[in-house]
Amino acid sequence: MPELTENTKELRIVGFLCNWCSYGGADTAGVGRFIQPTDLRIIRLPCSGRVNPLFIIKALMSGADGVLVSGCHPRDCHYAEGNFYARRRLEVFKHLLPVLGIDRRRFEYTWVSASEGPRWQKVVTDFTAQIHALGPAKFFADAPELDFLKAGEGVMQP
Amino acid sequence: MAIHEQLKKIILDTLPGVECVIGWGPGQDALHGSPVFMRKPEDVDSFMDTPLGAFGAVNNLALFLPELSGKKVGVVVKGCDSRSIVQLVAEKLIKREEVVIIGFPCEGAADLTKIEKALPEGREAGEVTGAAIVGETLKLSLGSEEISLGLADIKADKCTRCKTPGAVISDAFAGIAGKAPEVRDEYADLAALEAMSLDERFKFWEREMSRCIRCYACRNACPLCVCRDHCVAGSRSPHWITQTDSTRDKLMFQIIHATHLAGRCTGCGECQRACPAGIPVLLLKRTFNRGVAEIFGYDAGMDTEATPPLLTFQVEEAHIKEREWQ
Amino acid sequence: MSNKFISHEKLRDWLEDLSARFEVWAPVNTGQDAKGVVVYRPFVRDGALEFARKPVESAKHTVFPRSETLVNFKTGAKDGKPALELHVPEDPPARAVFGLPSCDARGFQIFDPVYNGSGTQGLARDNYYLRRRNATVLIVKACSKVLNTCFCNWVGGGPACTEGADVLATELPDGFILAQVTARGEAALGSALLAPASDSQEKQARKLHEEAGAALCAPPDLSASVSALRGKFDDSAFWEAEASKCLSCGACTYLCPTCYCFNITDEARGVLGARIRSWDACMLPLFTMEASGHNPRTGKIQRLRNRIGHKFSYYPSLHNGRIACCGCGRCIKSCPSSVDIRRIVTDAIGITGTAGLKEQKNG
Amino acid sequence: MADAYTLPAYDPGQRNPYLPYAATILEVITETYNIKSFRIRLDDEKAHREFAFEPGQVGQLSLFGVGESTFVINSSPTRKEYLQFSAMRAGEVTTALHGLQAGDKIGVRAPLGNHFPYKDMQGKDIIFIGGGIGMAPLRTLLLFMLDNRKDYGGITVLYGAKSPEDLSFMYDFKEWMARDDIKVVLTIDKEAPGWEHKVGLIPNVLTELDPGADNAVAVTCGPPIMIKFVLQALKKLGFNDEQIVTTLEKRMKCGIGICGRCNIGDKYVCIDGPVFTQAQLNKMANEM
């Protein structure tokens, strides 16, 4: 567990995982009780080809500190070619982040198969360490009208 | 015969076979041209009948083609505008046979923002009462005051990196197309932004986007934004953006726009020109254009047969190197 | 009461002084250089105030924000039963807007009767607008120049028109002369930093007003616009010709000082939410789109017809002939396609060779 | 220095027209596969008791977090235990509305708009012609008239829909058909097993019914295509445009004539309508 201590404040990392490979890989890692950092929130999608690049930026702009996309290895896509399209889209999309002032390293995409529990552990651990090294992200201001929504449960505020 | 006279003749010859020919006519003042839909021969009189002539042919008229699809129309294009048509045809958004493309050798078009910036401090473009092009200068009157500006200084940025002074495709061409110049887009505009730190860039967008009035002129001026009345920006399901006046939502829309244009944008710059708040929204599209050119060697709007790179793939990608985790 | 004077050097001191009682707004250059875009912003001492160039946007949002909360709500459950709490936001602070042109101030007079419930005979008044309107002091700056898109004099205004102004400021070479117009204006002028204006300053101001007024071309008679546009309603060839080049974006409506339409939408996260009123534009297709899919204004032609019709026919027919346009010209100046509202209205009425338009066309 | 222009005053005591009444759903009635009716009561008992409206007026129902949508109050002002609204599932709000059940909270801004000219109709024969969900606004007027039966002449109700499954308010119709002081005719577009009433399109059944235009008023509401042919049929039956009353639907937001989207020329459906006579509609801009 490099650079991660028990005292480190958890950051918000969103993971978009394909149902057939990477979600299975994460499950394999879990069943195998591989130790992993707990910052990642997983959103399961049918395929990495389902990942609209806007999911990534929406997450980053709304307060996520990092976003990880993971799908089947190229040639292994359950839908034959979804990850081939994803690879192109995500690779192009990477270019946008630094122009917006967002560190390029806050987003990564990779491939993890259902059997690759150890690889999943490595990816999550490395990526989480990478995000911790960058620290909490800045995000763009939301409307002041919606400020009170952040106030937490049960508090009515003007 | 002057180019615009030759164009008029071609337009008159084209009119009988088409619903209308779209060209440029007079706008609200000496500096502005405006799209004109010529339906009758007498409508052709006003074509380029402006002080700036072809230099004032600013609007990209390819914009109007998708909404007119099903009708045969003529359209006069600058080289850059023809690229939008090429892209629309390549994506099967318009039918090639429904458009009569009329080209001319473009020497560049005016950038009204640059003109205003070139005026003395405190003066604005709306004060201009008269204009005339004399050789390589634009002579302006602001009431009794006379000001001369070099044409090269007030040309749109895109003209300085133009690879297509003639039309990429055309059915008729006035004059002789100049040889395509050897220019390389160095993305100097992006380089200037990237000279800033990440924090500064973040603040740059916060400041710029704070002026956005959410009018969607950027979207509606974009010839490749073809969803038009069905834009996801107006959708509550999916709910990408709220109706609030927040920087986040405004920037989010720009990212949606740019992302939907990745691998499709020809860099015509109409989005930025249309922005009443002067926000450099083209930068985001150029970011993707540069990325797409780097990875796929692709430049949109040059070939009607080409497949946009994000609509296809290769099993082994030559220029995508993924991060190693081991 | 005599007029006041504030020198350029002391202007920021005075605005700061005002800031103790008001949230002060003023035109600011927000761009990267001396010719950056001028918009209205809350005053900060080191802000790049600019009075030379006309703000790109109108001052509408200083009284009618682009988005505001109507009601906050909390849903969910209490004691095992569905629960609902509603909360109306508190009154906003008093505002003073310094340096807006007369057209922007007159624009609010188009809002006033509508938001005061003219449609419901006063039964339903818009508290949100009225409370902001009453808490805002408008310090108009007389225009010292006119732009080629200005036509305030066509619709009853002028470069130094005091209608809608609480204070009229006129910029002289060394500062501003401030004339109180309404009783409300007094609150802004009670500052020890202000000196009494001298006779020669008064004279200079009057001269500037006259010169700016003279720079506008003679206005055409628009009194026939109500009936003319009613008559043109079904003339589809007329509207197609006028609307072909329209992009159907919202720039004209959002920059307009008199366009007052809005949308109401909910935003919620979990049990908390806000009902938000935000600007809307009749030029956008979703404005009138019904859940069934039916849209009474399907195309840009019908939408442009409604915009022009509303300003120059429907509104005046409901409000004693007052045209719902203040002639600021922003819709023309910032239209990406150069749609010219003056031309559409004069074409509809059948006025040919309008002096201003003709001159400008020939450059 | 004369203050020639009087700024409209802000009175904090004036009721906030955008603040909905909190209300509770008492009952949800499944009318058809895509239409439900909701009976609601304002949470503030005093407000509920004092709530007054006229037949034909509308209300904005609020689903907090989703939005508002406009519906006619289809219960009668003479029956005050609840307010009833009926909604066909179409957009975001109606879809969410269909997910609600008794006990759930809802917001309501009402009454809004004008109402049926029921006073002008006194002493006249009334023919109601409703199609599908278009029966909802007619229901409020009909209930009102039945509660003031002596004020009106003969009452005929013609209601139709595509199939028996598309007919709403059957609990009412059962009651109405049992009465002998009104005439009720039901019709469906195509034969269906077990159907004992008329078969045929509403305009055709109307022509066959020939209610007589003398001293009569026709009140109609339904899909645009039905209205178009009903108008033609009524004209042939001798009804003039003053004798035909209908109620319109437009996208509305504020409901108080401000937000600007429901106008037809210089008329606003939310305040000048939704009820118009055909004679009034003829004078309005052709932008339905």
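So that you can tell them apart, the chains are marked A, B, C and D in the order they are listed, and the count of residues begins at 1 in each.
Throughout what follows, a contact is a pair of C-beta atoms (placed from the backbone, for glycine too) under 8 Å apart; a residue touches a chain by one contact, two chains touch by 3 or more.
Quantities reported herein were computed from a predicted structural model and do not represent experimental measurements.
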{"item": "Contact-graph distance - origin subunit A, target subunit D", "value": "2"}
{"item": "Furthest chain, CA centroid comparison against subunit C", "value": "A"}
{"item": "Between B-C and A-C, the pair joined by more C-beta contacts", "value": "B-C"}
{"item": "Centre-most chain, if every chain is reduced to its averaged C-alpha atoms", "value": "C"}
{"item": "Distance from the mean Cα position of subunit C to that of subunit A, given in whole angstrom", "value": "45"}
{"item": "Inter-chain centre distance, subunit B versus subunit C - centres from mean C-alpha coordinates, in Å", "value": "30"}
{"item": "Whole-Å separation of chain centres (CA-atom averages), subunit C against subunit D", "value": "38"}
{"item": "Chain centre separation in whole Å, for subunit D relative to subunit B (CA means)", "value": "50"}
{"item": "Multi-partner residues of subunit A (at least 2 other chains)", "value": "143, 145-146"}
{"item": "Of all residues in subunit B, the ones touching two or more other chains", "value": "236, 242, 244-245"}
{"item": "Residue list for subunit C, restricted to those that touch at least two other chains", "value": "67, 263, 265, 267-268, 273, 276"}
{"item": "Footprint of subunit A on subunit C - complex, ascending", "value": "67-69, 72, 74, 85, 87, 89-90, 267-274, 276"}
{"item": "Contact set on subunit B toward subunit C in their complex", "value": "26-30, 32-37, 50-51, 59, 63-64, 116-117, 119, 121-124, 126-132, 207, 210-211, 213-217, 219-221, 228-229, 234, 236, 242-245, 270, 273-274, 276-278"}
{"item": "Touching residues on subunit B, where the partner in the complex is subunit A", "value": "190, 193-194, 198-206, 240, 242, 244-249, 251-252, 255-256, 258-259, 262-263, 283-284, 287-288, 290-292, 295-296, 309-310, 313-315, 317, 320, 322-323, 325-326"}
{"item": "Sites on subunit A touched by subunit C in the complex", "value": "143, 145-146, 148-149, 151, 153-154, 156-158"}
{"item": "Touching residues (chain side subunit D, partner subunit C) in the complex", "value": "1, 3, 5, 7-12, 14, 16-20, 22, 24, 43, 62-69, 90-94, 103-105, 107, 224, 249-251, 253-254, 256-266, 268, 271, 285-288"}
